Structure formats: structure tokens, C-alpha cells
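Below are two complexes that have chain A in common, paired first with chain B and then with chain C.
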Partner chain A sequence: MKGQLKRKIIRYKGIYILLIPVLVYFLVFSYYPLVLGIFKSFQKVKLLGGSQFVGFSNYKEILLDAQYQQAFWNSLIVGGGTFILQFFWGILIAVLLNETRNKVSRSLFQTVTYIPNLLSWSVVGGLWITILSPNGMVNGILKLLNNSNFSPIVFMSEEVYARTIMIFTGAWKGAGYFAALFMAAIVGIDTSLYESARIDGASRIKQIRYITLPVITPTMKVVTVLSVMGILRNFDQIFIMSNAAISDKIKNLLVLIYEQGIIQFNVGTATAAATIVLLATFIISTVVKKILKYDEIYS
Partner chain B sequence: MKGELNKNKVTGVWRILFLVLTVIIFVITFLPMWNVIVVSTSTALDSSQSGIKLWWNQFSMEGFDYVFRVTKMARPFLNSFLVTTIGTVIQVILSALAGYVLIQKDLPFKGLITSFIMTTMMIPGDLTLISVYQLNKQLSLLNSYQGLILNGLVSGFSIMMMRNYFNTVPYSLAESARMDAAGELKIFSSIYMPISLPGLGTVFFMEYVGKWNSIMLPATLITDESKYTLPLMLKQMILSTGSTSGTAVAPDNAIMATIVISTVPLLLIYIFAQKFLMEGLNMGAVKE
Partner chain C sequence: MKKRNLAVGACLMAMSLALGACGGKDSPDPAAESGTAAESKEGDKTETPKAEGTVKILASVTGGKDEEEMKLFQEALSKGTGLDIVMEKPASDYTQVMMQKLSGGEKYDLIYLNASDYDNLIAQDALLDITDRIKASKILTDNIDPKEWEDITIDGKIYAGFNKKEVHRVVALNNTMLKAAGIDYKSIEPTMDGYYDVFRKLKENSSDSDFYPFNTILSETWDLQPWMAAEGLKNGVVLDDAGKKYAPYAEEEAGPVWEWFKKLYDDGLMDPAAFVDKTKDMRNKMGASSKKNAVTADWVAWVGLHNANAAAGGISTDEYEIVSLPGLKTPEGSYMLAKGAASLFGVPANAENPDGAIKVLEYFASQEGGNLLSTGIEGHDYTGSEGNYEYTEIGASHAGDHGAPFPIYKDYQPLFPHAAGVDEALSYGDYAAIDMIIPNEGDYKEIIGKWGIKMIKGEVSTEDGLSGMRQELVDRKVTDR
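Up next is the complex of A and B:
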């Protein structure tokens, strides 16, 4: 038995050599930082000399820190809100696409709704910041609607609008991607299902309700599970779109960790915070998987 | 036949509602992008006026001129282009190699190798950010192109995509080539790579978009302005405009021009890759 294994390994030695670069890469750039991070989260860096092991004190500090608590709620509210809006917006696009019979308008609609997904957050952020600026398009439209002496709203510096803007722009960017995933499932639907429903006299709305939506339910679950894993990890958008006037309402954990760890150099507490985010992400996605009975279907 | 078809359409009030919704979503998505195009090709004066700006008062390329003359956009553009292209090409090759390893039948330790790779998908790069920074400091990769290329070079996701694609190629091809005493690299490069062009295209596209748009890594690794990538440059422009006060340092048409410049390469690739894209989405995101 042992000799057989050895022979196989020798037979596949060419294969193993092909794997070396990737293995080395992952060891250095994925596993090592993870271990280093967890290690550092239990340390405090001293100004003079090296670091000192401090146990869970970094963790305690963060859990009691008002800044981190605020950032946690901001992440949850903006991330969760974005996901919910994006989800329904995506389903709506997919259903509407499926009901659009004209080929040209169909592909135009799909392309236009998908494009924002290709753009980086610095592009989407720059675009919306300009559109929401006092001289931008939104104020232009508002002025047109209340033609009297309208004074422009400075959207990006009003705390009341901050979260709504983040949620809306997040969904604006991502809805087309969700729609593409849903469309991939809808395209696979056996057309005879619709035909027999029609023979039974089901209206098109009933067909959407009883065929289209149930068929994409598994995709909805996959999308939900994948998205909740990202809820606490939305760096780019807030990094680009935040400013001093509104950062209290939207600054999230990752941006705070970046500021604390990379800029202020509080390595211990920042890595502890990152570890907490990792754990929180794990907990949230486990709970969501349980609720959706995800593992029963996909394991 | 025509009647049959009509019966299977949404009718009456619903039809109108659907049409209205389609138009609303289209307009909400399209108008901001159209606004970018119009403002980027307007004069600085026009772009600073208030208004809805969906058509030109006067067509002008001075925004683009400003961007290349004053903010020296050519450098970040080339940085982005070089780093992204080199990184993506290497990534596609490495992912394909690893994907090829993972399709071998009865390869010893295959399960172990697979979980070693899959686990990295659960180690989010953004959460190890600080240690990544320190690692790069140790390797003196801060403020270097090598650092930008090396970090995030391979992803478990692209390896899994390649594996799924190779799985659709009959395995007997590899076995019979091995009978003819062909080396693994030969089998991989002359059989699997050419057959899998659509799969390679999909991975190339997805990773290119990801790297081109990446903000967090360059923001962490790069402080030297001459090594800025486009997203960093754009962020700096947006910030310095003080959009809250409304007094812009860089005029709106220049910012919009930068947005156009940052987007055009991706749109070009998207047009080429569109064919593969649906297939790719099915292959990678929904399964597994």
C-alpha cells in the first residue's frame, strides 16, 4: 500500500512541480498575514523596544470603544440596507428583463444596468458626489420642480442623507450584477413549464409568481449567503465617499481599522478589531445559513 | 401563432406598470452615466454652472486637456495599465496551472491541496490588511510596482473557475498524451490551454476588472504619488474639490474626464468578453 502511494507520487511529480508557485504564494501572502494578524492582536507595541504580550486587553479595549461600536452599527445599517435594496432591485430588473420581448431593448437594458458593476468605487463615488453637489444634476432637477427661490441642498454634508445615499449608490452599482445572476437561473427554466401553466389558464403575473420566482429561489439563497459575508467588509465605498461632515453616520469598521492601523499605527487594537470582524462575519453568515437551511441544500 | 404569443405576455395594467418600471430603472441607471459623458466634454465654465446637464452648450475637450496637462494623468494611467495587465496575465497562468493540478484523477493529497486553496478564499484580504502592510514592509515592497503586482496575485476563486472549466474537457486527453510520454507542462500548454480559451477569457476579464478597480491595496501600499494608480488619483481629485463646499480645485469637467479615462479600458474589455461572461458567471458564482 505504501509503495503504491509512493509510485503514484512519483508518477505525478510533474504535477506537483506545477503547483509550487501557487502554494508558495498562498503561504506568504494569505496564511502568513493571517497568523501574524492574530498574533499581533494579543500584543501592544512599545515605543522603546519591541512588543509585549497583553492577552485580551486589545479586544476588551475595542469592545468598549465608542468609535468602534459606532462603526459596527454603521457597517451593519449601511451594509444591510444596501444588500436589501440591491436584492429587490436586482430581482425587479431580472423579472422585467424576462418580460421584455424586444431583443434590442432587452440587451440595452441589461447592458446599461450591468455597467455600473464594472466601475470602481472611485468612479461611482466621484460620479455621485458630483451629481449630488450643489451644482449637480439632482439639485438641478429639484430646482426645476420647485421653480421658486430654491436653494440647493448640499447632500454630501448633511448627516440625515448620508446613510440613504450610501445605500442607494451601493444598490445602484450592484443591482445589475444580482440581476445577471438571477437571469442565469431564469434562462435555465424549461419553457414547457410556462406553456402548461398557460394551458391551465394562468395569467402571466401568476406565472411570474408561481414559476419564475420559485425557480430562482436557490439563487436568491446563494446570493444572500455570499452577500452577508461581505456586509461588514465594505471598504471602498466609504473610503471614497466619506467626508468629515458625515463620517459619524457612515464610517464603517474596515475604514476605521485602516485609519487606526495604517495611518495612526495602533497595530494591536486594529488587528484585534479585524479579528473581531472576521468572527462577526462568521457568526452572521452561519446564522443566515441556518435560517435559510442553506447547508441542507448545498452540502 | 401571433395570438398564442400575445397570450403569454403581461397584459393590461400590469403591462403598463412593467413598462413604466423598466423605463424608471433604465433612466436612474443611465442618466448619471450620460451626465458624466456630457460634463466631461463640456467647457469648465459650463460644467461649473448649476443645472441638469444632459446636453452640451458647447462641446469641448478641455477637461481631458486639463487632466493630462495639470494633473498629469498619463502616469497613473500607465501605472494602472501596467500593474493590472502584468498581474492579470500572471494570475491567469498560475490559476490555470493550479486548476489543472486539481482535475487530476487519484492524485495523492488532492483533498488536502484543494482545502489548502479553498481556505484562502475564507481569509479575506481586507481583514489581514495591517499584517499585509507589515509583510510588505519586511519584503520592502512598499511603494513598488512589484508590491502592487504581487499582492492579490492569485485567488482561490480564479483557481476554482479554471478547475471547473477544465473539468468540462475530457480527461482522457491528458491520459492518452501521458501514454505518449508527453510532459505535464506540454499537456497543459498544448492541450488544455487552447481548448479552454473561453474559460481563460472569463477569468482574465473578472480579475482584470478587480485589479483595475482595486482601491484598498494601493491605498495601503502606495504613498509615493508617482506610483499612484487611477483610483487613488481620482480619490485625491474628488477630495481636493471639497465637494461639500462647492468650491472645486479641479473643475468638474476634469473630474468627469478622469472618470471616463478610468472606465474606457474596462468597457473595451467588456465588449470583447461579453460572449464568455454569462457562461463565466454560471461557472464560478452560482455553482459550488
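Up next is the complex of A and C:
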């Protein structure tokens, strides 16, 4: 076994040599900071040296802190909700694009749905805050539909709407991107399959149900696994769109880590929380991979 | 095979952690290295050592407005202090950059700090105790109001000098709208009923359905002090007789003021966007181009800026004029205004040239330093000689602010007169007081804002809201009771 490995390394040494810079890059810029961060999570960190080893006390503090517990659930609900909505929204856009025969309409529709993904959360967050403001578009429409005594709804201050708004705006921003991924899979479908189905009298819905969706299933699995890795890592949106009135419902782990680690210089507890996020992400993605039988895609 | 690999990996991980932990314990403490404690004890009444060499500064608001002007500012500061000044000014995310640079081992002689950073860095032993150096400096003791030093003294020690003089916030009023509603602002009754009546008349006099006479920023608990004064309640966190921290706005006494806010909201006199707006939005609505609000609380400088911006846009004072008042009267017949939290320069515990750092702080506390920090660089931002100065085009666009619109020097004489309305707003300065510096100011604002909004919207009763506010402040270690 060992001899075989050695022979393979010698045989492909040129390729291994070429991989060394990549390995060094990842060691220096990814794994070294990661390991350093894990060390710090076991320390009471001082900015100018003198850090002390405190064992698991940072972890204990976080796990017992009600704010972190709430932030964990907020991360899961908003992150998970956004992924699910974005996923189905993306499929819907992709399928509709595939069904659109006019090239100009198709190109225009694809561009319009993809553009939000190119904008930063500063822009998208500001846009939706304005649309949902008391003088914004949504209240304007409601005012038109109601009588003149209509009192504007301050959507961004209503706890009851907070998570829905975050999930909707998150999905709105990312649906075009998912659609582009699904479209890439759809365009690879052999058109003769659709022609045969049409000759056999299959309706458009049936073509979608029995040809399009099954063919893009491996892509759906890849998108799902990659996305669940990010559901606990949503920072920009919540940082931009949160305010005191709704923070209880949407403040997530990364925003809390930022507040603790950067604003209040509690680097030890912040890195401990970041390590927990890493572990939780690992567990969630592993479970999802198992459920989806992800590895079978490549076997 | 797999099991053996796992075991080896776990052992390596455990060893690394143990080594890291040992390394942490043995790391030299720069605070101890720099001899902070010794200096504190021996520094009494000694002369400030002659400063020379390079002073490295990490700045936030202080300096030039762009890279080119930063160079000019550095040169001017070097010339003024006789030191070799090296300044860095991160484009954004200052606190994050500062933390990364300090923890990365980068050395500075001065770092810009806001009040919250100041408190947090002291707790980290990251700042040098410069109390004795300040006492030994004639300039720093004579040129700065002793009250300013008291405000930044923590447990009898001072760890920073001043970037600027913090002024206060006042009630800003659109005088044109008041006049149109038949109100003389000087005769407004400084009570909740008096202001309610003013807001009602302003609303009745406006045909704009999106106009709300009053606005404040509840999501950030932006300046409620002029209104909470009605019950004599101080902004922020204060200490009781037993030395326990509490928030006056969360006490039962604050109930009538929260109920007054609720009445303003229910009657359409308070902008509902107060729950979500930021100060930028509030200022836009108060500005000459919008006029969606008529009464807010804002910095002294903003009273002048509103008027200056209108004048620059060719709008006459008949069409738009902002004036100021000190808010509601306290039960004792005075007023209460909030003074800005300190804007400081601290000396890091690992600074290589603390003497040079003190010399820079001395320069900032002089007339010349004040000129540089406010008006800007001579020959670039302004030209002329004493009594006959003129702004350059660039200088006019910088509006007399290069980090300190109001320099810390107590007898500072501005080179240019203040904008319209500023002197009147400054005249209320005697009513202003600084908030106690706390490390978790963000938590305070979030909790007060959140429960305040719930009470105003009627989602909870005033009693329950105040009770919830107090409980959460204690839970999140902002207050003790």
C-alpha cells in the first residue's frame, strides 16, 4: 500500500510540484488563521499580548448566553428560510426561462432577475428599506387601496414581519444566481428528449416534470450542499437591515460575533462563537450530504 | 489505519493547543514592559521630556479629506510640532482596522478612539496611563478645561488626550415654518404640553400629508435628552448612591415622557419613520430641500450646516432658517442637554515615542493646532493673514472640519465666524453634560430603543415596557439594577 503510494508520487511528481504553491497558499491564508482562531477561542485574549489560557470557559459562556442562543435560532430560521425560498424561486425562474421561446424576452428576463445578485447588500438593503418605509412604495400602494385615513405601516419596525422580510429580500437577491446555475444544467438537456415527449403528446407541464427537473437534480444537490454551508454565515444583510425594533428576531451569530469581537474587543468569546459556527456548519452540511446521497453524484 | 490517523491528528491538535496556551501565558505584557506603573508613581511634577523623532498616528476623523491632502496635513503637523509625523487614516471600518493592526503587533504612538473604544482598550491594558505626563505638561493643564479631563478619567487615571472639544446637541427648529404657523420660537413654553401645542399647530398649518412636525431616531436612541429633561432624567447610564449602575430612561419616572412620545405618535405629530430612520435620514428631512420635519434634536454644528447649505443653494433666510432651543425645562427649572462622547487620541501601551505623542497632543491643544484641525492647512484650505482670512474653494467645501470643528483649546479663536445659528446653539452649552463612558453603549441604545418603540406603538404598556427595559439592561450587563 505504502509502496504503491510512493510509486504514484514519484510517477506524478511534476504535478505534485505544481500543486505546492496552491498548498502553501491555503496553508498560509486559510488554515493558519483558522488554527490561530481556534487557539484564541481557548484564551482570554488581550490586544497587545499577555493572553491567558482559559480552557473551555469562552465556549461555556457562549453556550449559556441567551443572546447567542437566540442568535443561533435566528441564523437557522432566516438562513434556512432564505435558502428554501431562493431554491424554489431559482427553479421557477430557470424553468420559465427555458419555456420562453422569444430570445429577447428570455435575455431580458434573465438579466433582470440576475442583476440583484450583482449588487452589494448596502444597495439592496437600502433599496428595500426605502420601499418598505412609511413613505415608500408599499405604503403608497396600500394608501391607494385604502381610504385617506390610512396610517402607514412601518414594516421595518414590526417584529412580526422581520424574518419574512429578511427571507424574502435574501431570496430576491439570490434567486437569479440560482436560476443561472439551473439554466446551465437545463441547456445541456438533449432537445430530442423534448421533441420525443411532444410527439408522444406530453404537455409542457409533463415535460418539465419528467424531463427538466430529473435532469437538473444533480445540480440541485450541488446547489443545496453549497448553500447550506452558508446559511449560518449571513452577515451583510442583517448588519445593513437590522434595527433596534426587530433585532431580537433577526440578529444572527455573525453580527453578534462582530459586536462582541470587534466593537467590544472580546476576541476570545468571539472566536469561540466563530468556531461553533464552523462546527455547526460542518455538522449541517454533513447531514445534508448524507440525506441527499451527495457523494453518489460523483460515483 | 483511519483510527490511527485520527489518533495522531488528535494528539497533534492537543499538543498545538497546549503549546499555544503556554505561549499565551509567557507572552510579554507590553503594559508591564513599558513601565506604566512606575511612570505613574514617579511622574509627579516632572517636566515633559524633550520630544523628538517619529510619531506614528492611526487616525479616523482627523487629517486631510483625500490622499493628497493627508500628505499636506502630515507636513503641516510635522512643521507645527517639529516631529516627523507619519499618519495612517483607514478609508472605512476604523475600529476593525485598529483592532487588527494592534493585535497584529503594529506599533503606533497615537491611536484615535471614541469613548466606547477608550473604555474597552483600558480594560485590555492596551493603553498607557499618561496621567502624570498630562500633569507635567503646562499646555495640557492650562489650555484645556479641567472638566474635560474629569470626563475621561477612569479610576483616577487618564489614558488619552483630546482630538477635539465635544459640543452638545440642541433642539433644532425650522423657524420659517414656526413663523408661518404664527409661533415665535422664543416664546415656546418649555413643557410637554407647550411643545405638543407647537407640533399640533405646525401640522395643521401644513398641506403636505407626509409632513411630521417632530422626528427623533428611536432605533438608535438618538438624543432624547432635551425631552427626558422634563422629568430631570439623565441620558445613558448613571451610578446611584450605592455605586450601582442604572439607566434613568428605564425608571418609572420616565413613564410620562414615553407616554408623551406615544401621544405624539398616535396623533400623527411624530414621524413614524422615527422607529427605523438613521440620523442621516432625519437630517435630510430637516434640510431645506425636503422640509418634511420641523423639530429635531441635533448637534450644534448641524444647526449651522442646515443654514449654510441653504445659503449655498441660494435659499434666503425668509424661506428657510433653523434656530435652536434647549428643550424642556427640568422640575428644577433648568435644562438638560447631551454632550458628545469623547473624541480622543490614546497612547498604546507599546508606543515607541510616548513623549512625541504628548507633544502632538499639546499641539492639538494650541491655537495653531486648533487652526489645523478645524480650518485646515494654510495655503491650501485658506489664505490671508490675521483678521483677513479667506477660504480657498477646497477649504470652503471642507466646512472648517479636519477632525475638530471645535478645537479643544479652551480659549480658541476661530479664524472664520461660525455659520448662522451656531452661536445661539453654543450658548446653551452650560446645560450640557457628558454621558458616563460604558463599554456596551451599543447594547444600551438597542435595548432602550427597542422597548421605547414597543411602548410608543402600544405593543406593551408603559409599566411593562419599562420593566422589560430594566430587566434586559441587567441581563445584558449594561446596568446593575
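Quick notes on this one:
To be clear about the criterion, the second predicted complex is superposed on the first by the 263 of 299 C-alpha atoms of A that agree within 3 Å, B and C clash if a C-alpha of one lies under 4 Å from a C-alpha of the other, contacts with A are read in each partner's own complex, and residues count from 1 in each chain.
In this section, a residue touches a chain if its C-beta (ideal position, glycine included) is under 8 Å from a C-beta of that chain, and two chains touch if they have at least 3 such contacts.
What you see is a predicted model; the values in this text were computed from it and never measured.
Superposition note: with chain A as the common reference, chain B and chain C are in steric clash.
Once the two complexes are overlaid on the shared chain, A:53 sits against chain C while remaining clear of chain B.
The partner of chain A that touches more of its residues, comparing chain B with chain C, is B.
In the superposed pair of complexes, A:142 makes contact with neither chain B nor chain C. Contact with both chain B and chain C is seen for A:152 once the two complexes are overlaid on the shared chain. By the document's definition of touching, neither partner reaches A:84: not chain B, not chain C.
Once the two complexes are laid over each other on the shared chain, residue contacts for A:287 go to neither chain B nor chain C. Contact with both chain B and chain C is seen for A:243 once the two complexes are overlaid on the shared chain. Once chain A of one complex is fitted onto chain A of the other, the partner contacts of A:134 extend to both chain B and chain C. Once chain A of one complex is fitted onto chain A of the other, the partner contacts of A:264 are limited to chain C, with no touch recorded for chain B. Once chain A of one complex is fitted onto chain A of the other, the partner contacts of A:67 are limited to chain C, with no touch recorded for chain B. After superposition on chain A, the stretch of chain B whose C-alpha atoms clash with chain C is 243-251, while the remaining options among 9-17, 63-71, 117-125 or 243-251 stay clear.
Annotation: chain A residues 129, 133-135, 152, 154, 156-157, 243, 245, 262, 267 touch chain B in one complex and chain C in the other. Those residues of chain B that touch chain A in the shared complex are 7-11, 14, 18, 21-22, 25-26, 28-33, 35-36, 39, 48-54, 94-95, 97-98, 100-101, 104, 106-108, 113, 116-117, 120, 123-135, 150-154, 159, 183-185, 188, 209, 212-216, 219-220, 230-232, 234-235, 237-239, 243-244, 246, 252, 255-256, 258-259, 262-263, 266-267, 270, 278, 281-282, 285-286. Per the touch definition, chain A reaches chain B in the complex via residues 5, 8-9, 12, 14-19, 21-23, 25-26, 28-34, 36-37, 40, 89, 92-93, 96, 99-101, 108-109, 112-113, 115-116, 118-123, 125-131, 133-137, 139-141, 143-144, 152, 154, 156-157, 172, 176, 180-181, 184-185, 187, 194, 198, 203-205, 219, 222, 226, 233, 235-236, 239-240, 243, 245, 254, 257-258, 261-262, 267, 270-271, 274-275, 277-278, 281.
Every residue of chain A that touches chain C in the complex is listed here, in rising order: 35, 38-39, 42-43, 45-53, 66-67, 129, 133-135, 151-152, 154, 156-157, 243-245, 247-248, 259, 262-265, 267. Residues 16-17, 20-22, 24-25, 27-32, 95-96, 99, 102-103, 116, 120-121, 123-126, 210, 218-221, 268, 271-273, 275-276, 348-350, 439-440, 442, 445-447, 449-450, 453-454, 457, 475-476 of chain C are the ones touching chain A in the complex.
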